[in-house]
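The two complexes that follow have chain A in common; it is paired with chain B in the first and with chain C in the second.
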Partner chain A sequence: MNTAMTILRKNFHLLLALAFVLAMPLTMQSGSLASEVLIYGLAAMGCNLLLGHTGLLSFGQGIFFGLGSYTIALTLTRWPLPMPLALALAVVAGAVGAALVGWVAIRQRGTYFVMLTLAFAQMFYFLAYSMPGLTGGDNGLMDIPRPSLAVGGFTLWPLVSPWQYYGFVAVVFLVAFWLLQKVSASVFGRTLLAVRDNEERAGAIGYDLRLLKLQAFVISGAVTGLAGALHAMMTGIAPLASAEYHTSEMILVMTVIGGTGNLLASLLGSAFYLIVGDWLSTLWPRWLLLLGVVLMVISLGMQRGLWGLFESAWNRLRGAKHPAKAQEGTPVGTGDKA
Partner chain B sequence: MSTAPILLEAIGVEKRYDKFAALSGVDLKVRANTVHSVIGPNGAGKTTLFHMLTGTKAVSGGRIVFDGHDVTREPDHRRVQRGMARSFQVTSLFLTLPVRENLRLAAQGTAPAQALNCWSAPVGARSRADVVARVLARLGLERHADTPVGNLSHGQQRRLEVGMALAAGPKAIFLDEPTSGMGIDDLDDMKRLIQGLKDEHTVVLIEHNMNIVMDISDTVTVMQQGRVLAEGHPHAIRSDERVRSAYLGNMITGGKA
Partner chain C sequence: MSIYLLQVINGIGIGMLYFLLAVGLSIVFGLLRFVNFAHGAFYLLGAYFCYQMTRWGLSFWLALAVVPLVVGALGWLTEKLVLRHVYAKPHEFHILVTVGLALAIQELVILQWGPLGDSVAVPDLLQGVVMWGSFVYPKYRLFVIGFTAVLAVGLWWVLEGTRLGSAVRAGSESTEMVSLLGINVFRIFSLVFALGAATAAIAGVLAAPIRGAEPFMGIEALGVAFVVVVVGGMGSFGGALVGGLLIGIVQSVMSTVWPEGARLMIYIAMAAVLLLRPHGLLGRKG
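Right after this comes the complex of A and B.
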């Protein structure tokens, strides 16, 4: 009994994620929307690793997302590679892109760091735009196939219907989430929190800040590349829009809405953004205006995001018997600590 | 004077900010297992000298030799691996993390490659439990081990500031005004803490509180306008005419600068 409780507690977030993944097919109509929630959840977690854990506000996430999209589109349309291998290549592309962007951007802190990531985002967009041979330019890359998972001609897992694809995305998501949780709880993840809290001291006690930040970037880029690839496979196209600055912004907004305290919060942010957005857009085409209001509320008085809100509500429900323990995820100043 | 070997030597260290010379040729010899204090009025260049010695900022000229190695061009995090550790004049801690975690991070800093391990959690040997426990006991912060540092009192934070340097088990500890802003009650604790350090470490101390400096120092270096004005045993410094007439005056007899 006791060990069962320990296992439960140790994997609490993983179980919550599993519950979330299982609940979506039961409550939602659109398999595509559900897949999108998980895919952007992944991207937001990648962003969270930088923003919440390391204190880095990166506008470069769209680059890694776009790299993942283009890579899987190119590999699946031009080379007869097995799909899992193509996905792995997209992950590598995201990681390499992030290593490059990170390597330059982390030379600066604060505003200039943010500006450098923004500059990269703009450059990547115009690069993608001006290389139609590779990226399809304005049109993007179309007709990306979605091959089923097969071994030696025997289909293991057909990915034809949206819900079949959702199942595949869900498994990839849970594995990636488990791995990211592992990173977050590792020596590395804990050292990142120190960098976030106080760079000067982290350097003074012996850490090479650049190396730590670079590794955070690479992991973040890999996850975001994976998300980009899954998204391209879902929609069948790798549009220029996925390389646009707007993608970076969307990923950042999801991350902040969910809360930067822990990784699962990013899934919450993605779900809120996409599901509420989907619902609102049927009522009012200008729903993004309301999103602005939500963002203001969070920035002004709810800096731990939706996750923080739920956590406080939960603690209150339990009669405040267990006062909220010291949160690793206290609000992250956006500009100055970036 | 002590005849212990020289652990740290600064040779003609200079630091210029544009035209302003914060340090113009400072020589310093710090002997092992002593408390070596650097005093002087505000703006004399004490903290700048600290930044140069610990590598927080780069020198404009001169050399720094530590434990037989020329460390002049090494950044601060490399010098930590050589056995240097410092505290800050303005408390500089990981405020959202518990005291224990602050110390664990400081202890782990001597093996920074481990920090890139993104698979294993800091448990077992990686928790550095024995070092952390030893430092906690020395600081008298055992009861607060799991308190986020932001919730500690100022005096406790100042002690932890010293503890962060201690946790690395360094050869030399650089303490930049460890008593700044402390209440009278906490001063004696801090004095005892520093005094106890020199058995295992070499202490370089910047301090304004002359009672502490004169009581616990083996050597005192007096700085003025980016230069060394005088150096010697506390008694010699107290009675040094140049020092007295230059500016120490009442300061040396106990008043705070």
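Right after this comes the complex of A and C.
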């Protein structure tokens, strides 16, 4: 009984993620929207690993998203590689791109770093734009196939309908989430928190700050590349827009709305952004205006995002029954990594 | 040969606009220690307000005088109502609040004027070209170079020769010390932020007859301003001037050599400067 409880507590966030993944098909009409929530959830988690864990505000996540999209588009349309291998290649492309951007950007700190990531995002956009032979330029790459998972001609898992594809995305998402949880709970993840909380102190203790940040960057790039590839397979196109500033901004906004205290919050942010956005955009095409206001409100008064909001509500609820336990509320960022 | 000379002069024209765009961002950063992501949005407002005034049949010259004042006032209000409340919050939120503001302004512009851009006519007085022998150059662009040069001198005088300027410069060294000397730093913050917004708006008004007004010009300008500031050095007036001219000339010359890659080249120039001189050409360490 006790061990069961321990396992439950240790994997609490993973179980919550699983519940979320299972709940979406039961409550939502569109399989594409549900897949998109998980895909951008992945991208937001990559961003969260930098912002929440390492204290790096990156406006360059669109680069890695775009790299993932272009890589899978090129491999699936030009070379007859099996799909899982193409997906792995997209992950590698995201990681390599992040290593390159990170190598330069990490030389700077604070504001300079933020500006550099944005400048690199713009650079990547114009790079993609000026190489139409590879990226399709303004049109992007089209007609990306979505091959089913097959072994030796025998179809294991057809990915034809949106909900079939959702199942595949869900498995990839859960595996990636589990791995990222492992990373954030590891000694490495804890060290990143030390870097975030006090860079000078972490450096003085003897940690190689640049290496730590670069590693965080590479992991983040890999996850974001994966998200980009999954997205390209879902829509069948790798548009130039996926390399645009807007993509970077969207990923960052989702991360901030969800909250940066833990990784699961990013899924919340992505779900909120996409589902509420989907609903609002039918009512009012300029709903992004509200989003801008929400972002300002979060910056001004609820820096722990939606997750923080739910957490305080939950604590208050519990506090009504057990007043002593209400004090346990976790501080910003150092929340339970389960 | 003469085509390159022409492109260099063109580049100076673009570069002076880039300087104007970047200098506000740089001064605001120097004093307030955060990057204003809404800076591009003030530029956007400048261009659209100019567009609206000319649509009403008012003259471009009136727009050039009034729009910076209006946008400057908006900047002043923004600092008072919004930014003041995040100074105590973690550094990321200073940036994020301006990202939210930029998004809101951009959407408001689309709401008001639609998602497609429109052109703004060059004022009658400056239509046509000037000719000196074989040298031909649009009058309006020549005016932009002259006007921004005068503005640059004026700004330099404000920063170097006035009490406000010395408070701003001292404030970017140590805000605490300045407030201990009995100067109301919050008033200076508001003024500087308003000044930054106004310079961005002037750049927007001046750019409108050249490139028209469209909703996404703000974000594009923000990217360029970042490059200029990174190249020239954060918080440095001279850096913004040198960086702006350098980036303008690189972009302009490259557009004859490799048109598709002209925009790309300015970012490559930035990466090169950054690798060789991490704090920018004229930036201070730290």
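By our rule, the second predicted complex is superposed on the first by the 319 of 338 C-alpha atoms of A that agree within 3 Å, B and C clash if a C-alpha of one lies under 4 Å from a C-alpha of the other, contacts with A are read in each partner's own complex, and residues count from 1 in each chain.
Methods note: a contact is a pair of C-beta atoms (placed from the backbone, for glycine too) under 8 Å apart; a residue touches a chain by one contact, two chains touch by 3 or more.
Every value quoted in this text rests on a predicted model; they were computed, and no experiment measured them.
Asker: Which partner chains sit in contact with A:Ala241 here, chain B, chain C, both or neither? Use first/second/both/neither.
Answerer: The answer is neither, since A:Ala241 touches no partner chain.
Asker: I want to verify the contact counts: of chain B and chain C, which reaches more residues of chain A?
Answerer: Touching more residues of chain A than the other partner does is C.
Asker: For A:Arg286, using the defined touch cut-off, is the partner it touches chain B, chain C, both, or neither? Pick first, second, both or neither.
Answerer: In the superposition, A:Arg286 touches chain C alone.
Asker: In the superposed arrangement, which partner chain does A:Leu127 touch: chain B (first), chain C (second), both, or neither?
Answerer: A:Leu127 contacts chain C only, not chain B.
Asker: Figure out whether A:Met115 sits in contact with chain B (first) or chain C (second), or with both, or with neither.
Answerer: second
Asker: Is A:Glu249 touching anything from chain B or chain C once the two structures are fitted on A? First, second, both or neither.
Answerer: A:Glu249: touches chain C, not chain B.
Asker: Mind working out whether A:Val187 is in touch with chain B, chain C, both or neither, as first, second, both or neither?
Answerer: first
Asker: Going by the contact rule set out at the top, does A:Leu300 touch chain B (first), chain C (second), both, or neither?
Answerer: Only chain C; A:Leu300 stays clear of chain B.
Asker: Which of the residues in chain A come into contact with chain B in the complex?
Answerer: Residues of chain A touching chain B: 182-183, 185-191, 193-194, 197-198, 200-209, 211-212, 215, 219, 326-328, 330.
Asker: Show which residues of chain A lie in contact with chain C when the two form their complex.
Answerer: 51, 55, 57, 104, 107-108, 110-112, 114-116, 118-120, 122-123, 126-127, 129-130, 245, 249, 252-253, 256, 286, 288-289, 291-296, 298-300, 303
Asker: Please name which positions on chain B make contact with chain A in the complex.
Answerer: Spelled out, the residues of chain B in touch with chain A are 54, 56, 75-77, 80-81, 85-86, 88, 92-98, 101, 105-106, 108-110, 112, 114-122, 126, 146-148, 164, 168.
Asker: Which residues, counting only chain C, touch chain A once they are in their complex?
Answerer: 29, 33-35, 82, 85-86, 89-97, 99-108, 110-111, 219, 222-223, 226-227, 229-230, 234, 258, 260-261, 263-264, 267-268, 270-271, 274-275, 278
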